[in-house]
Amino acid sequence: MTTSNKSSEFTAAEGRSHVKKIIGIWLVVAIIADYFVWFVYGPHMPPGAMTDQARGQQFDIKVISVMAIPVLLFIWTFGFYSIAKFRGGKDRPDGYYVKGNVKTQTAWYVITATLVLFLAGFGTFELIVPAGAGGGEGPSPIWTPSTPVKLVVQVIAQQWRFTYRWPQFGGMETTSINLPINTEIQFDVTSIDVIHDFWAYQLGVKADANPDVNNVAFAKTLQYGRFTVRCDELCGIWHGAMYNYGKVVSQTQFYNWATQMQRQNASVTKLLPKFALTYTPSYTGAGGGYYPSGDPNGTAA
Amino acid sequence: MSKGARAGAVLVSFAVGIALILYGIFGYLRSSPAVVSAVPSASQPNSVNLIMQVDGAVGVGPHPNWVGYWVQDASGVWHQTTLVKVPVNTNVHVTVYEYDSGGALRNAVWSQVAGVQGGTVTLNGTSLRVINPSLTTGNGIAHTIVVPGLGIQVPLYGVGASAKNFCATGPCNTSEAHTVTKFSFFSGNQTHKYRWQCFVPCGLGYLNGNGGPMTTLGYMGGFIEVVGK
Amino acid sequence: MSNAVGENVTVDEEQYYHDANLGAIWSASRTLIAVVSTLFGGLVFSYFYLRSLNSHGLWDPNGIKASPLLGTIIMVFVLASAVIIQVVNRRLRMGITIDWQVGALAALLLGVLAGAFQIWILTRLNFMPGSSGYAGIYVASGPVYALVVLLSMYWLETLIARSVRSRRATAQDGGIGVSNQPGAENFRASLDGFTVFWTYFAVLSIVIWYLLYVL
Amino acid sequence: MAIKTTSFASGGDGGRAVAGEKKGFRLNAFTGLIAGGLGYLFGHWMGNAIAGGYQQVIGSGQNDIAILLGFIFGTIGWFLGLGILNYPLKKMAGIEPPLEGYEFEPGVMKYFRFTLDNKVVGIQYLFGMLFYFFTAGLLALGIRTELLSPTNHIWGPATYLEIVGEHGTMMMMMMTSVVMGPFGNYLVPLMIGSKRVAFPRLEAAAFWFTPAAYIILLSALWQGGFQSGWTGYAPLSIQQGVGQDAYLFSFALLGFSMITSSINMTATIINYRAPGMRWSRLPMIAWGMITVAFTMLLSVPILIDGLYVMGLDRSVQTAMLYAGHGGSSFLWENLFWFFGHPEVYLLALPGFGLTMEILPVFARKPLFGYRTAVTGMVGVAVLSFFVWQHHLFQSGMNPDMRPLFMLTTELISIPTGFIYLVGLGTLWRARMRFDVPMLFMLAVFFNFLFGGITGVYVSDVPVNVTVHGSYFVMAHFHYTIMGQLIFAVMGAIYYYAPLYFGVKLNEKWGKIHFWTMFIAFNSTFLPLFALGLLGMPRRVFEYAARLQHLNQWVTVSSYVLGLSLAFFVVTFVWQLAVTRPKSPLNPWQSRGLEWQVGYPIPPGNFDKIPVILSGPYEYGDPNALPVADLTPAEPSAVGVSSGGEI
């Protein structure tokens, strides 16, 4: 990188003093910010710690923040320092003639590459250890919980309300959801019309509800409390009103609630189709006749 | 063009632009179906009557052959809408004349009655807790009224499509084949705009039956707004 | 700037932009191949995606395919058209314009027939468009294939029309395949672009034929 | 030896466009509208004739075939009415009409015609894009008004989703050409020293696709709209009303516009560079344009495939996107996002091109690490094809691929980081002049920093479980698109107004516009990160009551942002149309070749083909050669690139 004659005003010493000042300011600010993020704000970071998965995500956000904030602060420090120091002034002269610097460029490549590769590796670790981190893993999940699943809840999304079926309680279907604490839960999320998305915010669970697909997500409840269930994939006119609330209760309370609901809904459970992992709209006979009756199996959808 | 003329042209074009925008907003985007308010009679201050009918084809408006609800206002006039206002802390007695033919439910859980006083609806005189879609007399559930915010689930049983004087296009009158469903619910003690919808996939000609009337305000979904007294 | 000097300088400018134009035609025809490849790439991806998913076993439940006979005819016509063009281009380079024009007309006819047959098949399908995954993919690929074939034939037709219209102008210096007039060089660049594109498309047609009618 | 141009013109020959001397009636946009309207009616009638009897059409009272055929014939009518199809039709008769057009008639009418001068097309694009941007901006204010309260609704639920879908689609399809249109078309020939572009007709046609797409997309508003948003997921998009046909057709039209302008851009940059314009001297805008053009060429056809498949599922009832009949809703997600992610990078790359072009002029320093910058842009363009499944981490689609797509998405922040290295390096020991364009360019770096760093969060799968489809993601892409691209375009408008219009926009008004826009933008979109982390999904008209104050803060800020942009529109139009403050030649003392030709720019950009002598960013070197020799004396001089170059 040949540079023509450097005019007298841009000496190397002055360059080094700029660098020292920038690094100095940056280090101080970065340490303070990181301390605040990790210790003060860290425990209160969303999505909270109601399940293993939510706790994993919270830890993941903390680690990324502790690494990302210094990068943010470095560019702010450098930027604001430059704006303050390297001004053109009245007679508007030209700046320091340099077209590149092998050392700084190489340092930049190496630092950004290591940061990024670490984050990719760490993200994979945080994905695998808490059994898929609460995200939908499709019909045959790869990262399953270490302890066996105790409760299976089928989440049925339809335009425009979530309903829940409980295979371990006679396949009953309810519009409300309660979950027992300290239990490894498997959510089988599916849809009977368009794509929705089951997002139990405080549980740190999110899985798309696709028609004809069983999308499995895991969560291990750790704390009591109320959680919000929202539809997180645009599904039509009432998408914004497609939400309900669930509670994590004690195991006995849950068992009483479930058996009482099973008795109460017994007459409707008889009318429901047999419990299955997916339900195809065109087989239930209800539909808009969109596909002409030439539909090979079942009436028009 | 002189500077003055150019200035005039710019101002005029801005004015035209703003007028177009305002027309677009208030003349079109803000347009909505009629709103019917249920008003308590003098004698019974905290109970109101709500009379609705459901037709296989509303017969009016931009989509005459869509299914849709009508609501009768206090003075007996029928409005093709699904936007209703009821006062707070009031018992709402709803009567629904169902003129449309029924069919199977995509999710049979909606055949269960819930959230109404006494837990039952009276269908043609008999009170029921669950309406079985394959009852022998009619041909299944035609529509439902479900208000998730108030926990209300009311299936409406349909008439046979081949019934003698089947009402082809709305507004229908009680001389035509229909079923009557009555239920009542308490409007709660807080004002809120509750959305309600039909869960039978009755959008004929649309995929899964969930398009058209199901996704347009004023046909198969709307608001029950609980307003202050 | 007096005309004489202007004349002198514009000479190189004319040549400079003429060469640039030939280069532009070269890169545009190769870019076109990239665009058509990704266009058919999307359809081929959809074909394999739905075939591998085979949801509800409805990719191709009872093996009904569009008529293989007509499909083969279409593919063979396109292939023949591309081969003819390659052959007659050589004769054009030797200065025999009339051979090229006759051969190109034959290639044009074959191509138009292939497009027409493809549209004809779409009107005579023996399955409902919504009855299976294969039906959907076939109904999607048919019109795209026909459109690209007919647009290519439009390109060939313009080349033939230019060669006919410029017979007199290029007759004395060896015909449009040899003359070094800018117009003739421009024609040859466009012809070279077309030949490369049409040969590529013939190979692509074989792949599509294999997927839609044989596999 | 002068070659007389024989009667057999070479077609597309030499640079001079013949001044249009023919008077009398000439085809223009209004004849285009009339012919387009007639075409629509004909297509609609034909559709009714074909599909009137379909069972699905009778049941729903909705005939998608009629609507789509109406749009097809309407667009053909639009192009016929504009005279764009005259050339292809003449070619069928073997006629090679020479390059001639009406671009030199005085007055405004030439901007309403199909002209062949890249500068006229550039200005058509500039005003077209600003018009589309402000329409979509107004729709955004409609969205924010609704979100003032979680329970009191301004719009009906369907109308709200219509407005969200229109805002998203209008922005995402039009802003792909917000730099290539106005700045690529106008400046690239000037910057590479060429008298013209490779395919002027393709370039002009690319512009005339956009008004048709705009009108068709807006027509959805009074045809019931579409509730599928700009992502158009199936089977919801198959279930929608006729507004969805307007969505898929207008998006496809913009796709054709992108392909035609990219074919012209790549051919021009590759073949039409002046002698001496080596790749290592190409200005950054040209690098931005060529990387964007290749990204467009390889991703847009897949979008057109997807929209075509959706169009067939909606009109002919094929079932490619409906799982019950052999299709799959995943197919749409794959086709759409395979285009979707290159698209968001082809939105960001031109913003970087503009920023790295304008930064050196105001830092008065050479661009730091030219090769790093180019590698960064090429790296982003290439990697953008391998990241699309990060939109589908929770979709249940091949979950085993998630670590791979997390890696590729994280990797793409390395080449993006290169551009930050170049930016910071250029500021290092600069002599900064804080004129309005420089303020916008510094704001681009400030805003994109938030966008880039939150991109690292969003690409991490566990964090994605909470933030996917929430306001966090929405804030992320508003920072990377509005924060970066629109700020760069605004800066470029202030920077290039003297070159385009001979008008130097008022400095004080410019700074008012900048500061209100910068503060209001950050005040609007920074709280959205918090809203997203607190669990507010996108596209909802009801949200948790505890989030109302934040939403009200964002809505009020968005009104201030709207006012700031309205302030820009009024001052910009007022100064261009009425006051016209005269600008000195090359007001920013830029070394760029485009500034050396003076104002008004001669019809063929240059009197003679220039010879490029050195790079465009040699600031700070007192004895650097001028960027080009605009009057090379002897033809022979053209062959030899003289002078010491660096």
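Letters A, B, C and D mark the chains as written, and numbering starts fresh at 1 in each.
Definition applied: a residue touches a chain if its C-beta (ideal position, glycine included) is under 8 Å from a C-beta of that chain, and two chains touch if they have at least 3 such contacts.
Keep in mind it's a predicted model, so treat the numbers as computed, not measured.
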(Q) Using the stated contact rule, I'd like to know whether A-C or C-D comes out ahead in C-beta pair count. (A) C-D
**Q.** For chain A paired with chain C, centre-to-centre distance based on mean C-alpha positions, whole Å
**A.** 48
Q.
Using mean CA coordinates as chain centres, what's the gap between chain A and chain D in Å?
A. 30
**Q.** Separation of mean Cα positions, chain C and chain B [Å, integer]
**A.** 56
Q) Got the chain C residues that touch at least 2 other chains? A) 55-56, 58, 128, 130-131
Q. Which chain B residues touch at least two other chains?
A. 195, 203-208, 210-212, 215-217
Q) Considering chain D alone, which of its residues make contact with at least two other chains? A) 55-56, 59-60, 157-158, 227, 235, 238-239, 317, 319, 322-325, 330
Q) Which of the chains touch, listed as pairs? A) A-B, A-C, A-D, B-D, C-D
Q. Which bits of chain A are touching chain C when the two form their complex?
A. 212, 280, 291-292, 294-297
Q | Residue ranges of chain A in contact with chain D within the complex | A | 2, 4, 7, 10, 15, 18, 45-47, 53, 56-57, 60-61, 64, 68, 71-72, 75-76, 78-79, 82-83, 86-89, 92-101, 104-105, 108-109, 112-113, 116-117, 119-120, 123-124, 126-127, 130, 132-139, 141-142, 189, 193-195, 197, 199, 201-202, 204-208, 210-213, 215-217, 228, 230-241, 243, 280-282, 288-292, 295, 301
Q) Quick one: in the complex, what on chain D touches chain C? A) 1-3, 5-15, 88, 91-96, 194-196, 198-199, 259, 262-263, 266-268, 270-272, 297-299, 301-302, 304-306, 308-309, 312-313, 316-320, 322-328, 330-331, 334-335, 338, 607-609, 635, 638
Q.
Quick check: in the complex, which residue numbers of chain B touch chain D?
A. 3, 6-7, 9-10, 14, 21, 24-25, 28-30, 32, 63-66, 192-193, 195, 203-208, 210-212, 215-217
Q. For chain C, which residues count as touching chain A in their complex?
A. 55-56, 58, 61, 128, 130-131
